[in-house]
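Each of the next two complexes has subunit A plus one other chain: subunit B in the first, subunit C in the second.
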Partner chain A sequence: MWELIRANRRKSLVLFFIMGMFLVLLGYLIGQAFKPQGGGITGVVIAIFVWFILNMISMFSGSKIMLTVSNAKEITPDVHPRLYNIVEEMRMAANLPKTPKVYIINTEAPNAFATGRTPDDAAIAVTAGLLAKLNRDELQGVVAHETSHILNRDIRFMTYAGIMLGTIVLISELYLRTLFFSSSARYRSDSKGGGQGQLIMMVLAIVMAILAPIAAQLLYFAISRKREYLADASAVRLTRYPEGLAAALEKISGSTQDIETANKVTAPMYIVNPLKKKGMKIADLTSTHPPISERIRILRSMAGGANFTSYQQAWSTVTGSPSHIIPRSGLADNESLGFRPPASGEDIEADMKQSRRDLGNLMMAVNQYTFIDCPCGVKLKVPPDYKSLQVECPRCGRIHKVSD
Partner chain B sequence: MVPLVVLAIIIIVVFYIIGLYNGLIRLRNQVQNAWSQIDVQLKRRHDLIPNLIETVRGYMKHERETLESVTKARSDAMSAVSVADKAKAEGILGGALGQLRVAVEAYPDLKANQNFLGLQEELSSTENKISFSRQNYNDQVLFYNNKIQMFPSNIIAGMFNFVKSDFFQLEDKADKEVPKVNLESYTSGQK
Partner chain C sequence: MRCPVCKNPMVILELQQIEIDYCTFCQGIWLDAGELEALLGDTQQVQDLLTSFKIDDAIREKRIKCPICNKKMHKIQAGQHNPIIIDKCRIDHGLWFDSGELQQIIEMGSLHKENEILILLKDIFTNKLK
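So, the complex of A and B:
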């Protein structure tokens, strides 16, 4: 596991370097286009400054932005003991220093994400729809995938990469816009000093402003996809049960609902792309996630146990590509890890029948409703803004005290 | 000039050795910590059983033997002192719980009882936690043993008497059906 993190870090540094080069070049060309004498350096300084500010913003708000934007609510163990237990189980398997905080998002679409810069301040958020649709093994698979993102330091990395990408996009956009609005004025003032050299610079800057965001985005997406595979492989290593995650992915992909609170920026964080474009096949290059069908097929063709080597082999068979999706060092120790049997089937069916009602109760618990069990069998659900101190049972007329 | 360089080299080497030594200590502590997590979960399982028996008793009129065997297995497991005895007792307890789970299938009322469902979830999660903490223990042992065997940390390990830990393995496939704890292999490494 640690070798994996180290290998990831090495690759991340290379990627940052390339993206950083894009940013510096972009800043330089734009600066030069504005002012041929020494403008390039100013451009670079401004670009780095913008990047720095965006980093600061993300540093101070941390994972809260993602959780607030997606309207996630933190839960305590008693709200959903099973989910909390599963998170705890995965923490033990992954040897994380602290149990991640658990959040629930009130939406029907099944999905999940993890956030937080370090394993110490990590959080896992799942949607209510996910809890309703998945059985225990499947939920465990999803939580394992998210735990792997925490363990492999994917979140921190994707945040940094996202900021770098954001800076490039922002600067390009700004430049193209200023150019568009002020073009007539600029040509007049440039006519005396600039000449041909500056025109070339300007063309280069425009080309760069158009190409850099696209190139950076492609890089970002490629890395994001690779990390998804890696998280799948790690999830299997943690749970020793590939079918759990495979079945979960199948159920998640079967849903056609979008998450209202997800957008282009937050999409790469989810286990499955939350924005589904109906009737349109998303081009592989611009997708943040690998095709789900492929991820499922890889998981189901893992023949050699739950280790990384087995995932790598399955990956090569399914995609037909000889390249390494898992860093070589992760394949070195050659451990033999068997699969475990599924949890008992009975339990699963009982789950599915109960789940609709549970989901309603769950959302009320998340929103701090008080529950009172009346002896006549009715469960009273008192909203948090209920003013009176007493409440009457609608069936038997008993009066209950509302405690707070 | 020369003495200074020699001094610098000596300081660097000393710090390097300290680093290696601390690294080994950290890994050994992680192995021990991983082991204590298994213990915590075993204890949690013992704590859950009286509640479970209490909830189940009202429903299961014809299963007195099963219930008694669970209670007995629990008290045996709790009173076991030596690690070998513990391993055996926990194994028997796991088996008894498995039987109880089979017996429950015949009582639909019980299966719908909220209290029971809650306990059931706690118990199966505890068993998962036992097996996941065992898994983690083995991971930590692997890191630790690798470090002890690999150059150059093996020299430090030899000097300060770091001993290899043993993996915690289940004996065969059938054991995995009913979570069973085998503490035997642990004894040899950790004394």
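So, the complex of A and C:
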């Protein structure tokens, strides 16, 4: 497994360094455009410094920012025991040092993501809609996929790459804006003694400021796409039941709801691109995720057991591409892992009404509602900002205390 | 959810697997779309009752806003004789009943008297009216 993680990292590192080169080049050209003597070096230093600072911030509070932006709330095992059990189960299967924190996002759109710095300090966030729509096997598939991101060290790497992309975008925007707002003044001073060299530099810097963010984004997407496949493959290894994840992906992609809190930065983290509706038409090149139908087909055509070799074979058959999506070291893994049968009995889909109510109760519990069971049969759910300390049951007139 | 009339946080009452948002301060009731149907069962009488709801924006009662979308709600006339004026969200988020209005509607509909939920509802809100 370690070999695999390292190989996975090596592959992505190449793309990551090319992205870094864009950042350095951008800094150099902008610096040079401002000050032909030695400005380039200053520009490079500033660019790297900005990236470094942003990384520091994300190192110490990146996951917190991501979770806050996504409006995710942490839950305890008693709020949703089933989800917690599954996370614990997958932690053991993946041999993680600590159980990831579990968060719930209050939205009906089904989706999930993992974030954090290290496997010691990771979090898995799922939406309330996911809990309402998936059965246990499917939920396990999704949690396994997110656990794989933690296990494969994707979470930190994606944060680094995401921050680099953000830095490139930020610097480019800043430069183009400064240029726009100071253009008239610049022309005047230039006409006195401005060299042609500086003009060329300026044009180059402008071109770079426009192209670098696009190119960096493509690289970022390439990195994240690869990792999605690998996380799918690892998820099957953890659950030994590819159909669970396949069915979950099908349900998630079938949903027409968007996640209100998702944005360009957080979108690649999700198991299924939450902004799919808006970017549907753009070519696969700009997609942060592989096409879902393809991921599902690969999972369903895994015939040789729950190992990486089997996933690679299914991948090649479905995509018709000879390239390796699983690093070679993973293919040495020929451990025969048989599939397990689907869970049965209690996990037959609950009817929609029941699961909607469960979802409602769950969100109320997360949002600190007080639940009161009145002996007369009415259940009272009191919001946290309720103004009185007591509430009267409208049916029998009993007075209940709200806070404990 | 906040009460669209007095702006206090509303309590949720669950009975027979149906949830009702209820304001303990002004005794108003909010029913999400479909809940009235679920509450009363899907019978011809219920359909008749629902189709008797007519939008009447000429009514000079104060307009209140839908607690979900915050848009001003329609005034609805329910029933032919002595119509009751209730509020209905323009984009069908649900219905608002001021204190006692839901009970009047239920009585007006002369629905299945033995409907368990109906009995429960009635006794809940008759108690409040006393």
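Side notes on the structure shown:
What we mean here is this: the second predicted complex is superposed on the first by the 360 of 404 C-alpha atoms of A that agree within 3 Å, B and C clash if a C-alpha of one lies under 4 Å from a C-alpha of the other, contacts with A are read in each partner's own complex, and residues count from 1 in each chain.
Note that in this section a residue touches a chain if its C-beta (ideal position, glycine included) is under 8 Å from a C-beta of that chain, and two chains touch if they have at least 3 such contacts.
Quantities reported herein were computed from a predicted structural model and do not represent experimental measurements.
Look at A:R240: by the touch rule set out above, it reaches subunit B but stays clear of subunit C.
In the superposition on chain A, A:P341 makes contact with subunit B only, not with subunit C.
In the superposed model, A:N95 lies in contact with subunit B only, and not with subunit C. In the superposed model, A:N85 makes contact with subunit B only, not with subunit C. By the touch criterion given at the top, residues 30, 34, 37, 101, 105, 111-112, 117-118, 120-122, 124-125, 128-129, 131-133, 135-136, 139-140, 142-143, 146, 173, 176-177 of subunit B touch subunit A in their complex. Taken together, the subunit A residues at the contact with subunit C in this complex read 353-354, 357, 360, 364, 369, 377-383, 385-388, 391-392, 394-397. The part of subunit C that touches subunit A in the complex is made up of residues 1, 8-15, 17, 19, 22, 24, 27, 120, 123-125, 127-128. Subunit A contributes residues 1-2, 81-82, 85-86, 88-90, 92-95, 136, 238, 240, 333, 335, 338, 340-341, 343-344, 346-347, 350 to its touches with subunit B in the complex.
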